[in-house]
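Letters A, B, C and D mark the chains in the order given here, with residues in each chain numbered from 1 onward.
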Amino acid sequence: MEVVLFYILAGMILIFSVLTVTSRRILRAAVYLLFVLIAAAGLFFVLQFEFLAAVQLTLYAGGIIVLIIFSIMLTSHVSEKLEAPGIKKTAFALIACAAGAIVTISTILNYDFPAYSGGNVDASMKAIGTSLLGYKENGFALPFEVISLLLLAAMLGAIIIAKRKEN
Amino acid sequence: MIDKIGIEQFMILSTLMFFIGVYGFLVRKNLITMLMSVELILNAVNINFVAFNKFYYPQNLQGHFFAMFVIAIAATEVAVAIAIIISLYRKIRTIDVEEVDEMKY
Amino acid sequence: MNSLLWLLAIPLVTVFVLMFCNDRRQYRLSAAFGMGLQLIYSFYLVFRYTAERSSGNTEQMVFMHEYRWFESFNIIFTTGIDAISLSLIVLTAIVTFTGILVSWNTEKLPKEFFISLIVLATGVFGFFMTIDLFTMFLFYELAVIPMYILIGIWGSGKKEYAAMKLTLMLMGASALLLVGILGLYTFSSPDANLLSFNILDIANANIPVDTQRFFFPMVFIGFGVLGALFPLHTWSPDGHSSAPTAVSMLHAGVLMKMGGYGCLRVAMYLLPEAAKELAWIFIILTTISIVYGAFGAIAQKDLKYINAYSSVSHCGLVLFAILMMNQTALNGSVLQMISHGLMTALFFALIGMIYERTHTRDIRLMGGLMKIMPFLGVCYMIAGFASLGLPGLSGFVAEINVFVGAFMHPDSFHRVATVIAVSSIVITAVYILRVVGKLLLGPLDEEHAYETGDARWNERWANVILIVSIAAIGIAPFWLSDALIKSLQPIIQKLQ
Amino acid sequence: MITESYSYTVAIPLVLFFSFLLIGLAGGKLKPIVSGVFGTFFLLVSTVLSYYTAYSYFFVDGKLNGAYQKLIAYDSLWLTFTDKLQIHMGVLLDPISVVMLVVITTVSLMVHIYSLSYMKDETGFSRYYSFLSLFTFSMLGLVMASNIFQIYIFWELVGLSSYLLIGHYYERPSAVAASKKAFIVTRFADMGFLVGILLLSSFTGTFDFLKLTDPNGSALTQGSAISFLGLSVMTWSLLLIFTGAAGKSAMFPLHIWLPDAMEGPTPVSALIHAATMVVAGVYLVARLFTIYVFAAPDALIFIGYIGTFTSLFAAVIACTQTDIKRVLAFSTISQIGLMMGGLGVSGYAGAEGLGYTASMFHLFTHAMFKALLFLCAGAVIHAVHTNELWEMGGLKKFLPVTNIAFLIGCLAIAGIPPLSGFFSKDEILTAAYEKDKILFYVQFLVAGMTAFYMFRLYFGIFWNKERDYHSKPHEAPFTMLFSLIFLSIAAAVSGFIPFSEFVTPDLKPFESHIHWSIAIPAIAIAVIGVTLASVLYRKDSDLPDKISISLGGLYKAAHRKFYIDEIYMFITKNVIFNYISAPIAWFDRNIIDNTMNGIAAITNFISVKIRGFQSGQLQQYAYVMVSGLIIIVLVALYFMNN
């Protein structure tokens, strides 16, 4: 069951990823990205990280995609077709990416990974909550706070950058 | 269960996704689509984090939390990036990355 | 406060005061006051120094003081002077003060001009008073940078080009120099924890000959570029001719002496074995410099170029003397530095004044100026005679020391080089008299509407100060020379 | 020997240095005549002191055990080279320096007095007097020098004052050129002098005359053993020193500056370019005579030949010149050549030193009569405002006193007894006869030519045809005449001084007497010369022109001074300027400078290329980063697997 589900999701991710980076209609690209993200959330479900999957869905699929679509609306015409990238540029990028992928995958395949230890992750809400706000071993209170500060700073920054100059 | 799927599969998946993202970053001319490519890259990394957590460190939640933080940072990054893109668009009426070479030389 | 630090404090306070001045009168008065104070203080130091020596202090350096500066690398700003550095400090004070008098009527950005000039002078003072290689290098750089600004902004002619060329060549040289200094530092002690930049410490370290052979050319060329060593002298004609008057004075008068001083104090003193081994190469180069500069000067038409080539020749003599490595020649080299510093400052000052009145520096367009500006004419002749080594003026004293010292070497290589160098006195006479004849004597060219009028009071004072110094050394050289000989002993012992 | 009792002699030159500073600095503010009077007064002080010194040295206490002593009257350290080698400033009194003191102060005083009226209407009167003071100061310092470096120092200073005084009329381009030429030619010679000093001192280890000229001292033997190109080092150094002497004393081929130096005011020519400075070379050789005679006799022979050749050469040219001052200048060169010749044939001890004595004697008498001749020429020029011989004539009725004075001078230089020149020239001829016959015959011939060209001048000026003068020539004022009369007397009687009693190379007096076997032919040839001149020039005739035409090329060459000037001009202008200096300047600007600029240009070129990477294209950066990363990973993998 999970195996089938994994392959379906993996197939979706790869196909929609490719579509995202090749589609010449920008809005469609955004929608394909949405599918990729949903599929990734599916993967998280398969791995039994329900909370993470939920976060992925709400934040990524919900928040970020909406943001992107808004900005597309602000800057481009929806019907507009993007011009195709130059053949030279595409070829060089393909070579670099293929080479990178081959190197990485061959390394992965040549590496002798230890077998699955078989333990189960306790990703219950309680465990997550304790860990996230814990400050002892395995506690993430400090990064959590830093991230929140970062979010605040980013919010301010975004507002200031995007603000229309008053003159 | 998932022991039938090796960690290699997850990693190959994330590698492919990562390089698709890189490809997109390299060829797309529109800044927003480049941003979407970055999202792909980040997601590929997330998958890796989660897979490693699941397979080798089930007793802890590091991978899980890192994935969460990556999502959070991705959100801020998108916010700032879009702010920059919009203000750029206001200024030079385009978001084509090849036109944006103010920092040349 | 340590008495030497005043030499840095006075100019810095002057700069600080200048920042708060707000009209031209105030700028020049405060600049002149500050540098006048510096001049008086440097003479007071001479007095202190003599008193110290006569009370039996036989240390190599007096007024030593250490300021820990960068503990982990053992960089200690160490001040200390001997007669060599003291005389160059006095020279700097004289030239700076007269330079300010000469630029009394600067029109363009006078505040910035005086500030840059004084900062430049501060670098030079610092260079001469420190005995720590690192801070020496630091002050060297401090002196070069304002030079770029001064030539680039207040210069004339191809000023940007000249400023760039000068700065780049000097910076290139200082890159070599830095490697040399770091090399010296690395070999200053067998124990890696006790490495030192202090000249006196390094002098006691026995640097292996192979290492010396490697670093000597770097240090010598590094300082030699500043001392206009052939064929790396080309920055000097362009730089001199484009710079404003006061800067030419400081530049040729003082900055080029830093090269000679550095060669003497660092290259020869710290790397004596390699110096003995490799001197012949540089003797050939400096001999070429001497004759080449003099011949080059004959063919020039621009007053400043004539003087710049003459400087190449005279500074060649400084380095030539340093390479002769005996007491008389080294004494001659220091005397030549001082003498050339004074007389070339006088020359450039006068050229500036003449230019102000005739609006040209081309000698073919001038003539008979003696008739309308006798004071300047007489001063120019005196400067010329000092330059061609007339007895009674400082140039002679320096030159005979160099020649007698160089001739003490019994082998024919040194003697032939010396005879060639001696021939420069004739060539110098040719170009000096050519200029004097064309510029000052002969019928007055009535067609050119010269702004007649002889020297004003500030110009008179500047000239008189310089001429008195030149004549004082020329008429009574013994006490300066005796003090120098005593201070040269440690260097000579290393070179024996 | 050091003596305290003569220490006042240091004031003799210093008074004049003070006078130079006073007149020079305050000159513009003083009335011209006041400067003149000041200068003359200070010189008078110095003259009185010199006479007193001469009196007490020669007649009171200069002699010890029958020989004159070399006294160090004053000595102070001036500059230290090493512990052993030092320059002192000192006063050395010995017969020649004392004689020179008298000569210099006397002539200088006469010139000072003469100039009071001669230069009266000139601008720069104060300047003139301050430079005269400077000159006299330096010349006195030169003759009193106690070591060779001191001589060199004052040698340069007299060169300077000569330069300044020749260029007195600095608005005249010819005067500027002449002064420049004089300075540079002598400077060139001085370079030889300096190298000679360096060579000499490096072997003997001293500059001091007492040590150098001690016949028993060690200085003489050092360096003689080492030879270079067949001559000993000592000979080389002495020859080089002689180069300096030859430059100052206008010996062939360094004589070219002296005729041109006549551009200066005439009293200056009398003082510097006839009586004092130009004989400094003779003085220098005499000063070092002991070394020459013992360590380098071959150099001395060389000097004798150069001197004699120069005297002949200059005498030939003098016969053809028409500028009266130039004739006198060539005559000066010729007479100095005779003095050098006299030194060249001299020996050391006793009567063998006749040449030396004669040469100093001739120096003394020559100073008197040549100064007289120049001052007379000045009076003539003053009267007719021209230098050209053929624009004068018949002046004897306008200028009676000058006429007589000039005649006395001419008779003296021609060697007619009992005037002074006869005695000194006779001694030189005798010395040459005893040593080297060739030199004797040449000098004998020169004596005849001297008489001829001097009387050519005399008859040309004072007899011959009367020309139309713009204004009636008038006799000079009293101050000028005073000098003329004083010098006439000196020129007439100074021959009777028994010089060999005072000045000898070994400082011991010897008896000398007139050698009639030589004197009678010498008088005869002089009379022949005078007669010839009187036939040709006493009346206006076309005979001289005919003779000169019949001589053809020789006359022309002599008239053009044997083209020596042209050769020099060629060397300086073409060779040095066009083929050395200008190419060096070009080389510097174009080769060396362009190398530096080229380095800068290459750097710039590379940097322009490199900056292409900073295109501002984000994707290009990313591409480079990605591919770079992949390459790094590959490299890392490669190394990890091995």
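Here is the rule we use: a contact is a pair of C-beta atoms (placed from the backbone, for glycine too) under 8 Å apart; a residue touches a chain by one contact, two chains touch by 3 or more.
Please read all numbers here as calculations on a predicted model, not as lab measurements.
Using the average of C-alpha coordinates as each chain's centre, A ends up farthest from chain D. Chain centres here are Cα means. That of chain A falls 5 Å from that of chain B.
Rounded to a whole number, the gap between the C-alpha centres of chain B and chain C is 64 angstrom. Here the CA centre of chain A is 102 Å from the CA centre of chain D.
If each chain is reduced to the centroid of its CA atoms, chain A and chain C end up 69 Å from each other. Residue positions of chain D touching 2 or more other chains: 619, 623, 626. The set of chain B residues touching two or more other chains comprises 22, 26-27.
Those chain pairs judged to touch are A-B, A-D, B-D, C-D. Against chain A, in their complex, chain B makes its touches with residues 1-9, 11-13, 15-24, 26-30, 32-33, 35-37, 39-40, 43, 46-47, 50-51, 53-56, 58-62, 64-65, 67-69, 71-80, 82-87, 89-90, 95. Every residue of chain D that touches chain B in the complex is listed here, in rising order: 611, 614-619, 622-623, 626.
Residues 28, 77-82, 85, 87, 149, 152-154, 156-157, 160, 163, 167, 170-173, 176-177, 180, 183-184, 187-188, 190-191, 194-195, 198-199, 201-202, 576-577, 580-582, 584-586, 588, 592-593, 595-597, 600 of chain D are the ones that touch chain C when the two sit in their complex.
Only residues 165, 168-169, 231, 234-235, 237-238, 292, 295-296, 298-300, 309, 327-328, 331, 368, 370-371, 374, 385, 388-392, 396-397, 400-401, 403-405, 407-408, 410, 418-419, 422-423, 425-426, 429-430, 433-434, 437, 440-444, 477-478, 481-482, 485 of chain C touch chain D when the two sit together in their complex. By the touch rule above, chain A contacts chain B in their complex via residues 2-3, 6, 10, 13-14, 17-18, 20-21, 26, 29-30, 33, 36-37, 40, 43-44, 46-49, 51-52, 55-56, 59-60, 63-64, 67-68, 70-72, 74-76, 82-83, 85, 89-90, 92-94, 96-98, 100-101, 104-105, 108-109, 113-114, 116-123, 127-128, 131-132, 138, 140, 143, 147, 150-151, 153-155, 157-159, 161-162, 164.
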